[in-house]
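Chain naming follows the written order as A, B, C, D, E and F, and within any one chain the residues start at number 1.
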C-alpha cells in the first residue's frame, strides 16, 4: 500500500515527528511504500541541518535523512512555511528538498492513505 | 521597575513571542527597564536570522533585534535549547546572544518581576 | 500575585487549574486564546461568573479585537486592558503565575 | 475510517470531540499523551468505558511504556498495539482522522 | 537540492476534508491550513472545510488585528467563497466544495450563522459525523 | 557575538517555583524545565518544584523509553533528590527545596505517592494555592 505522511511539528518540543518517524519505519518494514513525507507548519524545523542534539538523545534530522536515502522516501519541506521559519537551502539537511504546498495535495491524491502527525 | 521576560515558543506557530514583544514594548514606553529577554525551548527560534516572513506580515526576529538596539534590552538564547534546535552563531540574528541557562536564574534574581510567555 | 491564562476554556483545563490553585482575591488576566473565557452567553459563562466572586478578572483588549469580539460581547464586571494595562497589573500585583 | 487521539483527556477536549464526531463502530487509536485515557481508575475512566460500547479502542504500547504504564494499568477491552499494529489498523480501516 | 518529484494525479478526484478546531491567532494553524485549502483548488479536488470546537472563531466577523500586529487572514475567506462559487457553477469541473460549521460548537460559544464572514452550512454533530466518515483525506492542523 | 552580560546576584535568595503541568514525552517541557531547576542550585536559590495536572506523570515510576527512542529524563530526579538533601543538611546554605504533588491531580489519575521516582509532599489544592501565592518567581513550561 502507498502512504503519504504529513508532519506538523518540529523535533524536540512535540512528539509528532518521533511518532511519524516510527510509523514510517514500521510501514516500510511491512513492505509498504512511503511515497512522501510532507513537512508543514513548524514541521519544517525537522530539516534544519544545524540541529545538534545531545549525544544520548535521538537525532531526528539525521534519522529522517537516512530513511530518505535507504528507502527512497521523498522528504518535502513546504517552501512558504519554511521561509517564514528560516529554513532555506543554506541550512537544509541532507535528504530533504524544498517545494510547494501542492506537493501535499498531490501525495494526498496519489497515495492510498494520508496520515497526519501534529500537536 | 526592572523586568525579566521568558519566551518559551518560536515566532509564527504560537502567539507567545508576539505577546511578549508587545508587553516589553509597553513596559519600556512606561519608563520601566527590561533587563533581559531569555529565549528557551522553541523560543530559541526567535533568533533565526534566516526567517523571512511575507511582506504583509510582521517580522518578529527583526522586531526583537531593533528593540535590543534601541532600548538596550539583553536578548539571550539558551545554548542547550538552541543547539538541539539548530540555532548557532552562524544563523544567529542581530541583537541576540547565546548563553547558558544560568542567565535565566540570574535575571529572575536581579529583576523585580519575571513574566513568562509560552504555550 | 497575578495569574495569567492564555488558553481557551473550551479546549484546555488551564483556567480550571488556575481557579483551583489561586487564593481568593488574586486577579486573573485573560490573554491570547484565553480571552474567549470573557465572552457572554457561552457554555463556560457560568463558571467564569462564579469565579468573579473570588477574583477580579481582566482581559486583554487587543486579543479580543483580533478575534472579532467587541466590548459588548464581554461579560459584566470583566475589565478590558491594553498592553500598558497588563504592565501596570504586573507592577501592582507582584509575582506573575502564567498558566501555560 | 480510523480516528487517532494524541492528547491527554485530562488536559484537552480532543477525545470528547472525537467521540462526538465519529460514527458508531469506527475504531479509535490512542497515542502519545492520548494513551493516558486508557488507564484504569481515573476521573475519565467511565467516559472511556462508555465509549467502548460504540468504538473498538486501541492504544500504542511504546507510548504507554514511556509514561511508566504497564499492561496491568490498562482498562479491560482496550487493545495494545505497537507501531506495526498502528500501520495495520490504517491499512485495514481506510481514511485516518487525526484529532490534533 | 534534489530533483523535483511529481506523481501522476491526472483525472483523479478525491474527497479532501480540512478540519479546523483551533482558535485563530493564539496559534497559526488557521492561516496555514487556509493556504493548503486554496492549493487544492488548482488540483480540482473536492473540499470539505469544517469548523468545529474553537475553529468556529476562525471565521468570526469583525477580526481586527491592528493592535496585535498580526496578519488578518479572515479576509482570505473571500477567495474561498469565490473558489466555491466557481466549483458550483462550472459543469466542466467535477469539484464540490462545502463549508460546514458544527452546530453544537457554534452554540456552545454563543455564536450564530450570521456571525461568520462566509456563508456556511450549520450541521449538527451526528450528521457531521456521517459526512466526516465519507472523506478520503483528512487534513487537520 | 555580544559581550557576556552579568547581573550582580550575590547574597540574594529568592523563592523560585517550577510548575509542571504537562505529561512527559508528548512535549519536551518536562525535560527542559528540569535543566532549569538544576541550574538554580548553583545560585543557591529556594526551589519549589510542583507537579499538578498531567505534570504528575513526569515523575511516574517505570518509564521505559526504548521503544519510542526518546531520552528518559526521569532518571535525573536522582540528582534533584541529592540537591535537596544537600540543601536540607548544610546549615551554611540558605536554600530550601520542596518537591510537591497536588493531591487532587494525583488522585484524579489513579496514582499514589509511592508511584513516584522521588519522595514528594502530597498537598491538597487549597493549601498548595497558599504556598504558590508566596512565591517570588514562577517558571512554567
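The rule is simple: contacts are C-beta pairs under 8 Å (C-beta built on N, C-alpha and C of every residue); 3 or more make two chains touch, one makes a residue touch a chain.
Just so we're clear, the structure is a prediction, and the values are computed from it rather than from any experiment.
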Both-way neighbours, i.e. chains that touch chain B and touch chain A: E, F
Those chains which touch chain F and also touch chain C: B, D
Longest centre-to-centre distance from chain A, chain (CA-based): C
Pair joined by more contacting C-beta pairs (B-F or B-E): B-F
Most distant chain from chain D, judged by the mean position of its C-alpha atoms: B
Gap in Å, rounded to a whole number, between the CA centres of chain F and chain A: 33
Chain A-chain E separation of Cα centroids, rounded to whole Å: 24
Chain C-chain E separation of Cα centroids, rounded to whole Å: 29
Per-residue overlap in chain A, given as positions that touch at least 2 other chains: 8, 12-13, 15, 22, 41, 54, 57, 114, 116, 118
Numbers and ranges of chain D residues touching at least 2 other chains: 6, 10-11, 13, 32-33, 62, 82, 95-96, 98, 100
Where chain F touches two or more other chains at once, by residue number: 21, 25-29, 53, 68, 70, 137-138, 140-141
Chain-chain contacts as defined at top: A-B, A-D, A-E, A-F, B-C, B-E, B-F, C-D, C-E, C-F, D-E, D-F
Chain D residues touching chain F - in the complex, by the definition given at the top: 6-8, 10-11, 32-33, 36, 39-43, 45, 61-63, 65-70, 82
Residues of chain F defined as touching chain A within the complex: 25-29, 68-71
Interface residues, chain A side, partner chain D - complex: 1, 3, 8, 15-16, 19, 22-23, 25-27, 29-30, 32, 113-119
Complex contacts: residues of chain F adjacent to chain D: 21-27, 53-54, 57, 60-68, 70, 72, 74, 108-110
Complex contact set, residues of chain F against chain B: 1-2, 4-9, 12, 14, 16, 28-29, 32, 35-36, 39-40, 42-43, 45, 137-141
